[in-house]
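There are structures below to look over.
Below, chain A partners chain B and then partners chain C, in two separate complexes.
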Partner chain A sequence: MVDLSFIIGGPQGGGVESAGQIALKAFVVKGYNVLGTREYHSNIMGAHSYYHVRVRDGPARALRTPVDLVVAIDAESVLTHINDVREGGYLVYDLDSVETDATKIASMEPSLRSRLRRFFESINMKPTVGSAVKVLEERGVRTVGLPLKDMLKKVSETLGAPIASIAKTVNVIGLTAGLYTLGVGLEYIVKAVEAQFGRRPKILAPNVTAARVAFEFMEWNFGSMKELPDGPHRGRVRMVASGNEVVAMAKIVGGLTFETFYPITPASDEAFYIEENKYVELGELSRRLGLDRLPIVVLQTEDEISAINMAIGAAVAGARAATSTSGPGFSLMNEAISMAVEMEAPVVVTLWMRAGPSTGIATRTGQQDLLHAIFSGHGDTPKIVVASGDHVEAFYDAIKAFNWAEMFQTPVIHLLDKYLASTITVLDEWDLDVSRISINRGLRVESPPEGYKRYEVTDNGISPFAPLGTTTMVASSLEHDEYGFASEDPVDREAMVEKRLRKFETMAKSIPEEEKLSVHGDPDARVTIVSFGSTKQPIISAMEELEREGVRVKFLQLRILSPFPSKTVSEILDNSDLIIGVEANSMGQLAFLVRAHTGIEVGHLIQKFNARPFYDVEIVYGVKRVLSEGARRVVVSGGA
Partner chain B sequence: MEAVIVKRSSGGLGCFNCANWLPHVHYPFAGYCTVWGEVTFEDYYCSKHSMMSVDADRFYWCASCRVRLTREEASTHWVQGHRVVRGAYVDPDVRDEIYEG
Partner chain C sequence: MVRRWADYKTEAWVQWCPGCGDFGILTAIHRALAELDIDPRRLVVVGGIGCSSRSVYYIRGSNMHVIHGRSIPVASGVKLANPELEVVVVGGDGDLLGIGGGHFVALGRRNIDITVLLFDNAVYGLTKGQAGPTLPAGVKTKALPYPNVQDRVNPLILAYASGYTFIARGYAYHVNQLKDLIKAAIEHRGSAFIDILQPCPTYNDMMTKEWYEERIYYLNEEDPLWDPRIRGPGDYAKIPRIIEKMLEFGDRIPLGVFYQDLTKTTLEDRFEQQMPGYRKAPPALRPISVDGRVPVHPFKVFKDKLVET
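This part shows the complex of A and B:
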């Protein structure tokens, strides 16, 4: 069984991004499943950032530490990840950095600097890279010092030309040395470098040379490489994509025609991807229009208030419309969510959660906006909130979100997070199968009849939807009669509130139970994990490990959080002896919802709120602590 | 130009203390020579060498602290032995490596 983890660390903006992607591609070419995420600082270029990767022949579901390899391009990375390499693993570092003292590294967080100083003081050593290397060697880590500067010179000399991109080339040198220790041969690395820079010859040539120089260095010093056998997917054409990209693809194939955004981490990349790929083939329609393709409108607005209001306007006018944001932006959208409910506007809000409150840690992950999403908007504001567990779910959910928005003429909030946004995984063609999903635009009337009532009172609460402009009609934020005209009449008011409530019941009844929740693992297990969102794959990975140790657990994954599937959740939880919540927030927001809807207490919580994603080993640890000592609350803290 | 780049520093002079040289913002052992218009290394030397000093009223870059400095600030860093230069070199493709926020 192949199960490798590694970290590539370096200064933000200093080439770690390319190196991480090259590493992922090298393993994909080699036939393995990969999962990789980037951790980076929100506002300091040069601050420590890293790529964290897991490679398996089976599914790569979660990250973990300790890792088998840390490639530390700079001094800060060696010191930051001093506790992350396992015994027998490798550290690749820059030989010229050994003298560097933690107290002199300008970009290092002061708290980490103090922790390092205290640690090295306690063992009577200076807090330098050299000391760290010594400590690691004593712990059984194998260290590889690279003369990075000389190697870069050699690349330049071999090439007979100056280096075009110092950062990328330095990183490819470090990465190649690292991949050698894992048994990835030069041909795979070169293929991955070509896949990364193939369209840019000025960058490609020095990086291919860099890989050669680094590989030769390793062979010269450590002998010929022990080759890792090819993985089970060797030779297959597969796709690597981030969560941002997968959601963007889904929106495009899901019929999006209008997307607004105001730039915010980790949402912007989604809009950028749509912008880059916004031309949609028109097929049949093209003959009529005399065009073969049309762009999706992607609009960067002046703020989030404008972003959602424009999207609502487009939705009411009949476009498939969405906006994309994260917590702070969603706060600004709150008033408009309420208006969308009042106007029955089919708008989709893609909400990429990150670590709040406030701007908090803008580039790190968390699941703190569940209640924010559920309770967004003032007044009684029934709406759909759907949370995706992984890339594949995110793809289908993004399309379904449009269907639901139009079927039920309601705002739909699609809940995702920074971890999914920036995590890259490998996907097969059949993972994102458009034929598995149809586009349902709901009850639409393109030519409304005489006397058309936009808000006609119906049994299921759904009125026929005519796009604004197809007849004389009113859509506003005010309470209204069936035509949409403002009305404060108590009978009209009650009828409209009841209609919206009936519509909410219709949503609850129409969405199949299997789309609202999933049960993973042994359905008869007496221990139940309850969670939502991106914890899904880490939990499943943890369950696989627990099962090997004879611990039987099932996992109730909530996918639709509003309307809440109370009855099924009650049934499942009533049949459990022990309920463990797993949440990346401190308040137990899902546990709160479960209690509110079912009266059932989630008695134990495994939580992580250091703004880094859950590792599978942390969930294994948490479950064991709950089972062995009945721990009520286990807080796990992995990640640098 | 009859001058050439020599690939080792000479008599305590090198790109590292040359006013024409901008060390890379992240990897200051390499950098950009504004005279030759290409990437060179800190221990290279050429006949166009011009000794780095902090005197003109302009902005400077401290490679030790990774911070941009005014002339007064630069003098303080300079006397403390920090690596003060005229500016830092950023790769032309740096945008690939950073994310919008």
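This part shows the complex of A and C:
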């Protein structure tokens, strides 16, 4: 069984993300499954960032530390990740950085600097890279010092190009040396470089040369490489994409014609990818319409208020419309969400959660907006909130969100987070099986009859939807009569409130239970983990490990949080002896919801709110602490 | 079929106070629509919150009534989703220049083919007469306990700075002249703005019908050669005079078309240029599935994400 983890760290803006993706793609080319995420500061250049990857022959479900390899492009990375390499693992670092003192690294977080100073003081050492290397060697870590300056010189001489123009290839030198220690040969790295940069010779040549220089260095110093055997997934075409990109793809093939956004981390990359593909060839649809490429309106607005209101306007006019944002932007959208409920506008908001409150840590993850999403908007504002557990779910959910929005003429909040946004995974063609899902536009009438009532009172609460421009009407955000005319009449008011409530019941009834929740693992287990969103794969990975140790656990994954599947959740939890919540927030927001809807207490919580994603090993640890000591609350803290 | 202005009326009771300037504006809108013979089904009037925004219930159209200050973004969404529709925004100075000021600026930058009719009475009527963004500093209307401590924004200059390509000012009780301005604004390709001076007999006892009528005059009556149109760089020399007229607001208040730039493309034009077919298959109208099926597999579209193993 192959199960490798590694970290590539360096200064932001220096190409660390590309390096991480190249390393990850080298393993994909080699036939393995991968999972990789980027941890970065809210900074353009200079702060520490790192790429964290897991490689497996089986499913790569979660990240973990300690890792088998840390490639430290700069001094800060050695010191920052001093506790992240396992015994027997490798540290690849820059020989020229050994004298660098942590107290002199301006970009380092002051708190980390103090922690390092205290640590090295306690063992009577200076807080330098050299000391860190010594400490790691004592811990049984194998260290590889690279003369990066000389190696860059060699790349520059080989190409006949000035050093400044090829300085960024330092990342490829580092990753190549690192991958050598894991047994990944040069040919895979070259293919990965090509996959990353395309066949643009200007970028390709320096990076391929850098890889070659690094590989030769490693062979010269450590002998010929011990090749890792190829993985089981060779000989086919696979997709390597982030959560942001997968959702963008789903929206595009799922019928999106109108997307608005205001720049915000971690949502913007989704909009950028849609914009890159806004003039798109959509197979049979393009052929039928006689247009090679089909247009999607993508517009950057002046703020998130405009983004959601514009999307609502487009939706009421008949477009499949969405906007994407994160917590702060969603706060600004609240009033319009309420309008979309009153007006019955079919709009989708893709909400990528990040660490709050307020601006919090803009570039890091969290699950703190669950209640915000469900209770968004003033007044009684029932809506659909769907939370995806992983990339594949996110793909289908993004399309379903549109279907539900149009079927029920309601805002739908698609809840995701920064971890999924920037996590790259590898997908096979069958993972995105579009034949499994249809496009349903609901009760849409293109030629409404004379006397059309936009808000006709019906048994299931759903009125026929005629787009603007097909007949005279008013789509109104004031309380209204069936025609949409403003009305403060108490009878009209009650009728409309009841209609919207019935519509919400219709949503609850129409969406199959198996789409609202999933039960993973042994259904008869007496211990139940309850969670939602991106904790899914780390939990499943943890359960696989727990099972090997004889611990039987099942996992209730809530996928639709509104309307809440109270009855099924009650049944499952009533049949459990021990309920453990796993949430990346401090308040236990899902536990709150479960209690509110079922009266059942989630007695134990495993929480993480240091704004880094859950590792599978942390959930294993948490579950064991709950089982062994009955811990009510286990807070885990992995990640640099 | 030629439509009459009564065809654009609705059955809703018009809830404005007796003598309200809004009545004149509403009549001018009805008449402009009739003279342009616009199909009410293809007309989208979008209003926010305030007395004037209620016009969406009084004009036959395929209309939207939205939250406070957001009529411009909603209207922009409608127009960009279906550029064949005739989209008109109605709202007061509080709605469009106060809470919605950022959106007012953004529309100018985009030059979407939308007409914005500002019912400018300088007060918040529905909430009982607070100062609006066009009420001059020092003015104490009867609803204000102290004179206004914030100064007025100049809507015309703001519209010019934002990029509106048609800028005019009208007066609520001059229905005929206002009707002609509204027609010209609707016929203009691009973001068109009319600042309509509208006495509020209930709450603005300073800027009354009499106050306005002592001051207003028409640009083209005072200067028969007045030509606000910019057809090319040769007309840029007109701009200082246009700005000067926009700044005039005191003893004399000019009315008419101040500025019309015929050289700028609309956002819709730019979309069509980037994506030929946009107008033929706009977001609201183009089919999105093949008989309810997803039309294509992502592997066939997003090839930049594929890796051969």
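Just so we're on the same page, the second predicted complex is superposed on the first by the 620 of 640 C-alpha atoms of A that agree within 3 Å, B and C clash if a C-alpha of one lies under 4 Å from a C-alpha of the other, contacts with A are read in each partner's own complex, and residues count from 1 in each chain.
Throughout what follows, a contact is a pair of C-beta atoms (placed from the backbone, for glycine too) under 8 Å apart; a residue touches a chain by one contact, two chains touch by 3 or more.
All values derive from a computational prediction rather than experimental measurement.
Trainee: For A:Lys154, using the defined touch cut-off, is the partner it touches chain B, chain C, both, or neither? Pick first, second, both or neither.
Mentor: In the superposition, A:Lys154 touches no partner, neither chain B nor chain C.
Trainee: Could you look at A:Ala317 and tell me whether it touches chain B, chain C, both or neither (first, second, both, neither)?
Mentor: In the superposition, A:Ala317 touches chain C alone.
Trainee: Which partner chains sit in contact with A:Ser107 here, chain B, chain C, both or neither? Use first/second/both/neither.
Mentor: first
Trainee: Identify the partner contact of A:Gly14: answer first if only chain B is touched, second if only chain C is, both if each is, neither if none is.
Mentor: first
Trainee: Would you sort A:Met249 into first (chain B), second (chain C), both or neither based on which partner it touches?
Mentor: second
Trainee: Any idea whether chain B or chain C touches more of chain A?
Mentor: It is C that touches the greater number of chain A residues.
Trainee: Once chain A of both complexes is superposed, is A:Arg56 in touch with chain B (first), chain C (second), both, or neither?
Mentor: In the superposition, A:Arg56 contacts neither chain B nor chain C.
Trainee: Mind working out whether A:Ser165 is in touch with chain B, chain C, both or neither, as first, second, both or neither?
Mentor: In the superposition, A:Ser165 contacts chain B only.
Trainee: Between chain B and chain C, whom does A:Lys608 touch in the aligned arrangement: first, second, both, or neither?
Mentor: Neither partner.
Trainee: Give every residue of chain B touching chain A within the complex, in rising order.
Mentor: So the residues of chain B in touch with chain A come to 7, 24-27, 29-30, 38-42, 64-67, 89, 91-94, 96-101.
Trainee: What residues on chain C touch chain A, complex-wise?
Mentor: For this pair, the touching residues of chain C are 12, 40-42, 44, 46, 54, 56-57, 60-67, 70, 73-82, 84-85, 102-103, 105-106, 271, 274-275, 277-278, 280-290, 292-302, 304-309.
Trainee: Which stretch or stretches of chain A touch chain B in the complex?
Mentor: Within the complex, chain A contacts chain B at residues 10-18, 40, 42-43, 45-46, 74, 96, 104, 106-107, 148-149, 152-153, 156, 162-168, 170, 203, 263-265, 268-269, 272, 362-363, 422.
Trainee: So in the complex, the part of chain A that touches chain C is made up of which residues?
Mentor: 25, 28-31, 191-192, 195, 198, 233-241, 245, 249-250, 252-258, 260, 277-286, 288-289, 291, 293-297, 299, 301-303, 305-307, 309-321, 335-336, 338-339, 343, 395, 399, 426, 429, 432, 434-435, 437-441, 467-478, 484-486
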